[in-house]
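Down below is the structure, laid out as structure tokens.
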Amino acid sequence: MTRIKAGVLGATGYTGAETVRLLAAHPDVDLAFATARTDAGRSLRDLHPGAPDVPLRRLEDIELAAVDVLFLCLPHGAAQEATRQGLEAGCVVIDLSADHRLHDPAAYERWYGAPHGSPDLLGEAVYGLTEWRRDRIRAARLIGNPGCYPTSILLALAPLLGAGRLRDTTIIADSKSGASGAGRTASVPLLFSEVNENLRPYNVGHVHRHVAEIEQELEALGGAKGVVFSPHLVPITRGIVSTIYIQPYPPSDIRTIYETAYSSEPFVEVLPEGQTATIAHTVRSNRCAISLHEVAERDTLIVVSTIDNLLKGAAGQAVQNMNVRFGLDERAGL
Amino acid sequence: MTRIKAGVLGATGYTGAETVRLLAAHPDVDLAFATARTDAGRSLRDLHPGAPDVPLRRLEDIELAAVDVLFLCLPHGAAQEATRQGLEAGCVVIDLSADHRLHDPAAYERWYGAPHGSPDLLGEAVYGLTEWRRDRIRAARLIGNPGCYPTSILLALAPLLGAGRLRDTTIIADSKSGASGAGRTASVPLLFSEVNENLRPYNVGHVHRHVAEIEQELEALGGAKGVVFSPHLVPITRGIVSTIYIQPYPPSDIRTIYETAYSSEPFVEVLPEGQTATIAHTVRSNRCAISLHEVAERDTLIVVSTIDNLLKGAAGQAVQNMNVRFGLDERAGL
Amino acid sequence: MTRIKAGVLGATGYTGAETVRLLAAHPDVDLAFATARTDAGRSLRDLHPGAPDVPLRRLEDIELAAVDVLFLCLPHGAAQEATRQGLEAGCVVIDLSADHRLHDPAAYERWYGAPHGSPDLLGEAVYGLTEWRRDRIRAARLIGNPGCYPTSILLALAPLLGAGRLRDTTIIADSKSGASGAGRTASVPLLFSEVNENLRPYNVGHVHRHVAEIEQELEALGGAKGVVFSPHLVPITRGIVSTIYIQPYPPSDIRTIYETAYSSEPFVEVLPEGQTATIAHTVRSNRCAISLHEVAERDTLIVVSTIDNLLKGAAGQAVQNMNVRFGLDERAGL
Amino acid sequence: MTRIKAGVLGATGYTGAETVRLLAAHPDVDLAFATARTDAGRSLRDLHPGAPDVPLRRLEDIELAAVDVLFLCLPHGAAQEATRQGLEAGCVVIDLSADHRLHDPAAYERWYGAPHGSPDLLGEAVYGLTEWRRDRIRAARLIGNPGCYPTSILLALAPLLGAGRLRDTTIIADSKSGASGAGRTASVPLLFSEVNENLRPYNVGHVHRHVAEIEQELEALGGAKGVVFSPHLVPITRGIVSTIYIQPYPPSDIRTIYETAYSSEPFVEVLPEGQTATIAHTVRSNRCAISLHEVAERDTLIVVSTIDNLLKGAAGQAVQNMNVRFGLDERAGL
């Protein structure tokens, strides 16, 4: 099999380092380069002691055309120019930033505070929720890799959405995330002494960027009335739990719908009745664990979904998307 | 002012040790005794290195009649006999176990799996949610100290319940608790290596003991249709966050209702608009912090409430109840 | 008794906030002001949710002469000018920075990289290791409050130093500290995701600032050959454990020497034989716990010492020093 | 290449589960069985949510002769009978318990409180510190897999021991370990609420089992006068840091000695000057990271060594030993 040549732009954050780690160990991939701005010239291992010993190069010194696939682990905004350059150089671009998740340029401008530089690409980009977009991913030039919170929520709802069961429901998603989801940027609220022994709800119920991304995809997957989304920062490094409340209880056969949807998926596990998904089910894996909790007496269905925010919620799903795009075993390197 | 003589039965668990700590430092209280079973003869400080140096005595060796108030930090079931003895000895009994929270003997038997030994006392016991029961507490012989989860949820809802705004609402309460809430009993699921870096929803949506306690009091405070309650174990030692979802949005003036209810309360703080309650607001204090989040676009009100599970959720509220009962400054020793 | 008026410069860091917390609750103190630079105009509680609701003022807007005692919680370097101003205004100055710990101006310049602005004050400043300097503290205008690591090590060694037992010994101090000791400044290495699940030795064995401070005081307390000091950052918020190795084993009666030295000290506890000092013994208290471990078969004495770095290692000892200086009960407010 | 058939006795503890995880993913191994006592009949994944879905069988139901290599993850004492049975069945036995680490039956009885059931095997067993025993491991029937603390200390000292530099030195080893090293047994001192926000030195300086193991191997590797060993429990799940003090400073060329010893080792990394080994360098890997800190001014050498206690300190080294024993690539599956 032909080997895939891959490059990573922005390798020093948590997502970037995880992407490099996966690609460096991937059996079918040659990692051609990884870039950094201020840390160019050092090894990734100097910044992340457990990471592979990969040299960090300046963006100016690499040739995009040398790779088949380009992973962008840049801040939103910065990924737009890099996307254009990557596409021009003939690369498949997998953008892990938020720059190519929303399809509507007006929505992008509203939620990200600046007009998008390539509005045409917003229409072309495929939203890379792998399990539900394989056909489009196989043909994509540009994949907008989903956010970690949306991944945990959408995988938990997609079967019901597809069955048309949520069209009149305002979904409540109470999500809890480890601190690596907030990135590797110096900031007082993310200091150990601020996060440890604390638990911090934030943007409680706000209608904002993540909600826009989630609601766009709720619609695409079958339709719901909307989502109320409350993220919480918890003192763990990795992992997301989304506890999702659906009222009224959607009609019967819920478990069958989920098991049918996911029975042959290598990375989504619907837990048997009586078990509850926890961080421990999925941390340091590309898996999503889903448990179903029917509260008939209160006319409510609860779905709990957990992922590792850096893997299925970012780098892992990006590599999974690459595997699909290039016809590799979808599980390769994961 | 006359000093109060107090005793603690069952001082070695987290709640018991915290109760002893508060009473030993209370300006108006003399701690007469603290008991333990297997650890009698040792100092409390041998078990809890930061605790006061209080000798642990055998239940057989103490005289209940020597104290004015008896705090029961025993497992449910075991508190019933001690309650009877304490009342006979003329003590005011503050029961921190679950044995005197439910008023209905049939409900007790259903949720705790055995008939209650003194069903008559269930009717007499005052549910000690201090801010909402002061009049009855002042005259009580027996106070059933509320559970930690119910305290966090009921304080967050009482103003709306009292205003009659929740009668048709099924409330969703997504609660996150530190591990001390599960007690100081050897058990594999509570080992550091099991709890750390994990986040574990449990009893998701189950209608069980806590729900029975919450719904009894929702009714007493003004009425609601019911509650869907999902607790989560998070890797912190102390603290509870309850994120509470109310759909549809109850009619207007929400903030005014809360501020009116709590403006003169020393231990309940309604945070200003734009702030969100976190564990850091209340940990190691007897306070409850409440923040209000109106999500008009999705027809939802979210109330976030935080307490320290061992203080306002247990020992602190117990001492607050003692202060009310004996006419002390309600803040004394807290 | 006359009440003491106190002011705090630099209230927003962990040490500053803890100093404000202690002073605001101190029975004999009126807190006149607390200052901040960028956060002036806000309440301390906005930055530290559990802190008292104290307004943060600009340095330019306060009058130093209005207070009896001034606590400096400023970065080293910045405390020198404030010290001069405080002394001129007639205040007693308690400097929690490192600016007045070393007595030798040349040493200060060597270890802090700039000449000291008031070298004469270095000679005057009293090193505020309370238990061993009470006489001088009672008469001091300027107290250099000890560093947290030096406090934990010096309290553990002072009895032996005073007995002349360590003059030929190079002491090994292996210290472990929680992250709050590194301050509340945005920095990637102090992010939760970097500190959590990690344990980081740093400056291992380096002869640097802390060593200069420790060795100055080893000499003053009785003399030792030197110290090898290795700090480690551990994933806890508060607390220091110093495990101190002394080879060869100093002659007999070790326990008697310690018990004699500390038997009447309210804040230093020599644990009984068979017990070991842990963080839990002293966290959130002004205490120091010391345990002695004689390893005769290997000709070694080990002393373990623990403190809370923000209390006995900073704000607590500062308040203790104020109590001594102003003739208050040494335990007041602690 | 012939595939290796492997079995695991005692799969439910942290070490057992990690051994199963490694073997189940090993490219050259077929995992024939994994046993449990009380949990037989369940899947390993039920106990460890992230573990592979391997059925747990009763010891009575498996046939030892069906495997080439048997991993014993049993408590000490219990491994002796299983070792005899495994050897009789023709298996290579890799014992991860402490039962075959000491070579002297009298020493075993002294430190483990009971005579050894097969004293002859103590002489035959090879101490499996892979990097220093490859020749003997290649021919071994029975490998006593080293303890986690000894592994971290011995790898850090072996080069100097081999060079004869430590014969007159009493080494000080200050080790810090995560909680998984204490095993997966219900116990109050290992509860989350006891370990979290605490740091607990224990057995400080005691001459006990681990010291006996370490000193036996210090002697075998070249000789030292003895070791003073102080373990500390820290609130992390996995990882050990050993900070090792050597006085007086052993003669020159230290770095060359280490680099020569380890330059071609796949799993031992001597960090460049100026870097310090941390948990993050080795956690979730089979690596050992070593950093050298020469404190000439105080006549001291400090060596810092870190490993993952469950991998290089247990299951990883066991698999590495299997790889060596069966002529596989030493890195396979690690």
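As written, the chain order gives the labels A, B, C and D, with residue 1 at the start of each chain.
Here is the rule we go by: a residue touches a chain if its C-beta (ideal position, glycine included) is under 8 Å from a C-beta of that chain, and two chains touch if they have at least 3 such contacts.
Quick caveat: nothing in here was measured; it's all calculated off a predicted structure.
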Chain at maximum distance from chain C, centres defined as averaged CA atoms: A
Of C-D and B-C, pair with higher C-beta contact tally: C-D
Whole-Å separation of chain centres (CA-atom averages), chain C against chain D: 39
Between chain C and chain B, distance of the C-alpha-averaged centres to the nearest whole Å: 37
Multi-chain contact residues (two or more partners), chain B: 194, 196-197, 235-237, 278, 280, 283
Interface residues, chain B side, partner chain A - complex: 170, 172, 174, 176, 194, 196-202, 204-207, 226-228, 230, 232, 234-239, 241, 243, 245, 247, 276-280, 283, 291, 293-295, 297-300, 302, 304
Parts of chain C lying in touch with chain A, wherever the complex brings them together: 14, 178-180, 184-188, 190-197, 235-237
Of chain B, residues touching chain C in the complex: 48-50, 197, 278, 280-285, 289
